[in-house]
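Following: one structure in structure tokens, then a few remarks.
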Amino acid sequence: MTTSVSIIGGSGYGGGELLRLLLGHPNVEVKQVTSRSHLGEYVYQVHPNLRKRTQLKFSDPAQVEPVDVLFLALPHGEAQKRIDAYAALAGKIIDLSADFRLKSAADYQKWYGEPHAAPGWLGKFVYGLPELHRAEMAGAKYISGVGCNATATNLALLPLVKAGLIDLEQPIYVEIKVGSSESGAEGNAGSHHAERANVIRTFSAFGHRHTAEVIQELGVPNVSLTMTAVDLVRGVLATAHARVKPGVANKDLWKAYRAAANENPFIRVVKEQRGIYRVPEPKIVAGSNYADLGFELDESNGHVVSICAIDNLMKGASGTAVQCLNLMMGWEETLGLEFAGLHPI
Amino acid sequence: MTTSVSIIGGSGYGGGELLRLLLGHPNVEVKQVTSRSHLGEYVYQVHPNLRKRTQLKFSDPAQVEPVDVLFLALPHGEAQKRIDAYAALAGKIIDLSADFRLKSAADYQKWYGEPHAAPGWLGKFVYGLPELHRAEMAGAKYISGVGCNATATNLALLPLVKAGLIDLEQPIYVEIKVGSSESGAEGNAGSHHAERANVIRTFSAFGHRHTAEVIQELGVPNVSLTMTAVDLVRGVLATAHARVKPGVANKDLWKAYRAAANENPFIRVVKEQRGIYRVPEPKIVAGSNYADLGFELDESNGHVVSICAIDNLMKGASGTAVQCLNLMMGWEETLGLEFAGLHPI
Amino acid sequence: MTTSVSIIGGSGYGGGELLRLLLGHPNVEVKQVTSRSHLGEYVYQVHPNLRKRTQLKFSDPAQVEPVDVLFLALPHGEAQKRIDAYAALAGKIIDLSADFRLKSAADYQKWYGEPHAAPGWLGKFVYGLPELHRAEMAGAKYISGVGCNATATNLALLPLVKAGLIDLEQPIYVEIKVGSSESGAEGNAGSHHAERANVIRTFSAFGHRHTAEVIQELGVPNVSLTMTAVDLVRGVLATAHARVKPGVANKDLWKAYRAAANENPFIRVVKEQRGIYRVPEPKIVAGSNYADLGFELDESNGHVVSICAIDNLMKGASGTAVQCLNLMMGWEETLGLEFAGLHPI
Amino acid sequence: MTTSVSIIGGSGYGGGELLRLLLGHPNVEVKQVTSRSHLGEYVYQVHPNLRKRTQLKFSDPAQVEPVDVLFLALPHGEAQKRIDAYAALAGKIIDLSADFRLKSAADYQKWYGEPHAAPGWLGKFVYGLPELHRAEMAGAKYISGVGCNATATNLALLPLVKAGLIDLEQPIYVEIKVGSSESGAEGNAGSHHAERANVIRTFSAFGHRHTAEVIQELGVPNVSLTMTAVDLVRGVLATAHARVKPGVANKDLWKAYRAAANENPFIRVVKEQRGIYRVPEPKIVAGSNYADLGFELDESNGHVVSICAIDNLMKGASGTAVQCLNLMMGWEETLGLEFAGLHPI
């Protein structure tokens, strides 16, 4: 007995990756995938990896039929306008956009620069990071997406904050390096290969919108995210700089990070003394749902560097959405997310 | 009831990829993976994508226990020296190296520059390309590996040769573009990133060893392979130039290529009139076992361009080896090879 | 006493590279650089490498003042519409576009799909490749540009054709690998970094427009150009496959290639027996005006592989245009073109 | 009347780049370039960009003749062992290694882990960053090299420190992203292209040796350098996080950065409101001697982000060494360093 799902907005990168995962999910049948701009085309014409995997064509977003679970993978700002209509189609909704991540309409307006179109819905959504809200997700009706940079940051800081190891009065600087798929399938002048190749481009020194999700979820008001684009397609590496509380030592960090890995199937600790791969690296998790964590503590001054590597389209978006589906439905958390990643790549 | 397998030589790229596939294969249990240089290390220290997937450590190649199927992933020239010993350990062997690909000891000496150490074994191996030898593989005891460049070429030419569409008296020029993983996990001066990055380097104009496999398998003596390294880790694109026989038209080619895709689960034809992905591209098949084929015919002069894109470590090595395992054991041909590849990447 | 020059169309890649060269040219003063879309902006806002090199702003193409030499760097099809007006502004014109490369209006229509707007001007331009037309350039008034792929092909074949070494009855297949700057500064869906990165994409099997320039200039009707995009910004590598005439040996090829290098300051022969850099590679000539040539002859069957590496924006466009300027003005041929290229890169 | 120079240690990346610059320098004649491992080879066999530029062969380091200026481009630790012998060969020495950068033998031992072999020489060298020691360089006999990461950091912080704008009691975190040429021409397992490609690898969280040069030169004891390797060959981007003193505003920063650009020919400020290139980027300065600076101030909390982009082999090593030569000899500071960099690249 399969669960029926449809995807609203399937021609973007998040939607395509979600479709790939759902087509391979043993408990799920994909009914419809919509796209206005590619209406009537085979989905494999846009997502060429899916050739010979599905004969689905993109359907009209105005003609979506009722299903068990509806995934929304629309550009930010779209889902909130039609959320009532979507709720009429499915008892359960997982939204990948930024529309229902923040709890406060005021915060939404502050960070997104305009009032929220459906503020009454903000409280109905569980924030979609299982590592923070696993229990609430069991049986939940509505789950939001996560920002990819927020996720890398939240998971980098999670062991430190949960165990109370860092001084929250001190500034936390998070340096985030990202690939080009993060800005979506719609190109712009700056994403032209001849301009975007070979870059190390700090395009945002602070004030990135995903900061709001970190402050809300971890309660760390002094956090700042600095964004640097590098020459890669998939991947986010967050390097967080903070100060531990007096007396915190390496063994305390080991304990906190190991706990995170033990409690969460997709968290791994990478901290080796030899070999090529001693630290978390985004390329190793490309295509997988893993979040690899590492850390270093300078005991001379309490400076802790915490690192998290994820695939922005997987753990930072569609992979986590499928993980939420599994939890929402009471299935094995890792179902449909078994791909291990590649080496070399 | 699972089938027990071991891998001799598991620290290289082919061995690592094979291990990833076998760990995810539902019918198989991996018993041992050997490595002399990494003896005692966890396999995930060398293949970091396998962290949290297996607690196997590299074991001593001299202490391999009997299993149902033995995979050999050794450097070329090694397997032939100990093939009798390996045959004593397992009733079935799949060798990924070049040692048992050629049928003729004289050909081996010609292309590899030294006499074969076990010429009596050459006739016992089925050449390991299912698209050419599927029937023979059912119940076979010994299957050889395939050369990655040979595979891209053999599959690019397969529809043309099988349907008798090209003039074999004319030269066939195959231009092959390859990534850096093809040369293996052992680096050299030329593989240093600062030298290897950004290259378009035609390192072999003709005479590549894999040519022997194309001549043997397709019966095309006038074929020449030209090798060019480009800035990519995984992937091979073979572009074959030939001349069709008089009267051969586009519809004949369509028929031949469609037949290849219909008869072979991992062959796809990519020939679109619109969109970004109109032709086969290696990056789209990275991590998957697909071979994507395309073609263009210049009807003014009979020049046909046939293209094949594969992942050199998958369809060009370990993926095909698992496909051979499936056929040898009478299992579903695609078992354990379901990963669709990623987009974007 | 400097020569005054202006550039019509300076915001594209060819125009920007031309400007860089002319700003560093000791005999030249740049008066105006035009751009409709960037009118009034500092040129360094578009070409950031020129910051602190010039305070020029883009001026209106409708307000160009008379100068000694006018460079046209417009999109193809534009220069021919206003060539009379441009000729009224300057006694000498060097056009980088495709508009005046072909001698025959019929050929232009065949390859470019529309009638030429100023067919009477076609005969007035010298084809802009100094290695073929050096003598005619001395004192010439009008010199055309060159196609980058045509140039790589023309120079790869030049020693062979000039010395009469190859059989022109046989097909000549030229496999050309190119970077992303070749398609210009205007991006499209396929040039988006997340799609264009990591590609090996054979986007044109035959019929590329630059073929016309090779046929015209070398008299090789059986030539075919196959275009493959790879992950690089600057660079073209042409690998030409042909058959030598009976009796032609390696020493004949050496003689022909050495002669080309001796007669042309920007041609080098790269054919080493050891080291990392044994063959021509585009990255080594990036930013320079060199064309590096190499070859291999299979004496068993007469198959010759001739290779040419250039920077498509330098020797394939703007560098050659400055070389033409030098010859046209009677200056040292290498003036302003001294940059050696970088290693590593 | 030219100045004679020789390079001890010319087969590495720094030595090669230095040779390229000196061959193009109008006041200089290169006499010898040494290499033990490439003895007798043409320098263009190792540095292929120099083909047709010089017929020099690598000579024996034991047979160097007296010259006006001797450049030392040896691996760290070598120059200090033979500094007396080198001083006997030339009245002026510029050393690119780390051997004579630190003033204190104790500091050297602390950061390099072994005692200095010629501590008496430490005081004789001027630290080789012209932006800090221009006046002392006029007529100096001995000038040290600079660390590339130290240089990116020193120049990122220079305007802030010089104008007294930041609170030196607060931690300064500098996130440095680097290309693969930084680790030199000798590869290792981790520099193999298949492993090094696509990386975002934080290989050093703190404690990098170049930190010593920043502390010494700027007097900022609370500085920490975090090193991340990315997929690029040439380039360093330093992103420094600090806190301004109370009351410091954007206009104060503008004043300080503009002053730096006005006083130093190779410093540029890049801070644009539109276009693709709004911030400093290493690729734009590749091959040039520029250091591009940018900044952002979060006035809500005093967080300042200061950015510096350089080419590690140019401004971070050989370019600065030639700039030092010019100052030492009383020549125009920019002589031989005119290359503007490329766009696109």
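Each chain carries a letter (A, B, C and D) given by its place in the written order, and its residues are counted from 1.
By definition in this document, a contact is a pair of C-beta atoms (placed from the backbone, for glycine too) under 8 Å apart; a residue touches a chain by one contact, two chains touch by 3 or more.
It should be emphasised that the depicted structure is a prediction, and the values quoted were computed from it without experimental measurement.
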item	value
Chain C against chain B, contact positions shared by both copies (same if over half, else different)	same
Label of the chain whose CA centroid is most distant from the centroid of chain C	A
Centroid distance [mean C-alpha coordinates] between chain D and chain C, Å	35
Length of the line joining the C-alpha centres of chain B and chain C, rounded to whole Å	39
Centroid spacing, where centroids are CA-atom means, of chain B and chain D in whole angstrom	45
Shared-contact residues (touching 2 or more other chains) in chain A	13, 181, 185, 189, 194, 198, 231-233, 281, 344-345
Touching residues on chain C, where the partner in the complex is chain D	13, 16-17, 20, 23-24, 41, 45-53, 181, 185, 233-234, 261, 268, 270, 272, 274-275, 277, 281, 284-288, 290, 292, 338-345
Residue numbers on chain D that touch chain A, as the complex places them	171, 173, 175, 177, 189-190, 194-195, 198-203, 205-207, 222, 224, 226, 228, 230-232, 235, 237, 239, 241, 243, 276, 278-279, 281-283, 294, 296, 298, 301, 303, 305, 307, 309, 344-345
Partner chain D, residues of chain B touching it in the complex	13, 179-181, 185, 187, 189, 191-194, 196-198, 231, 233
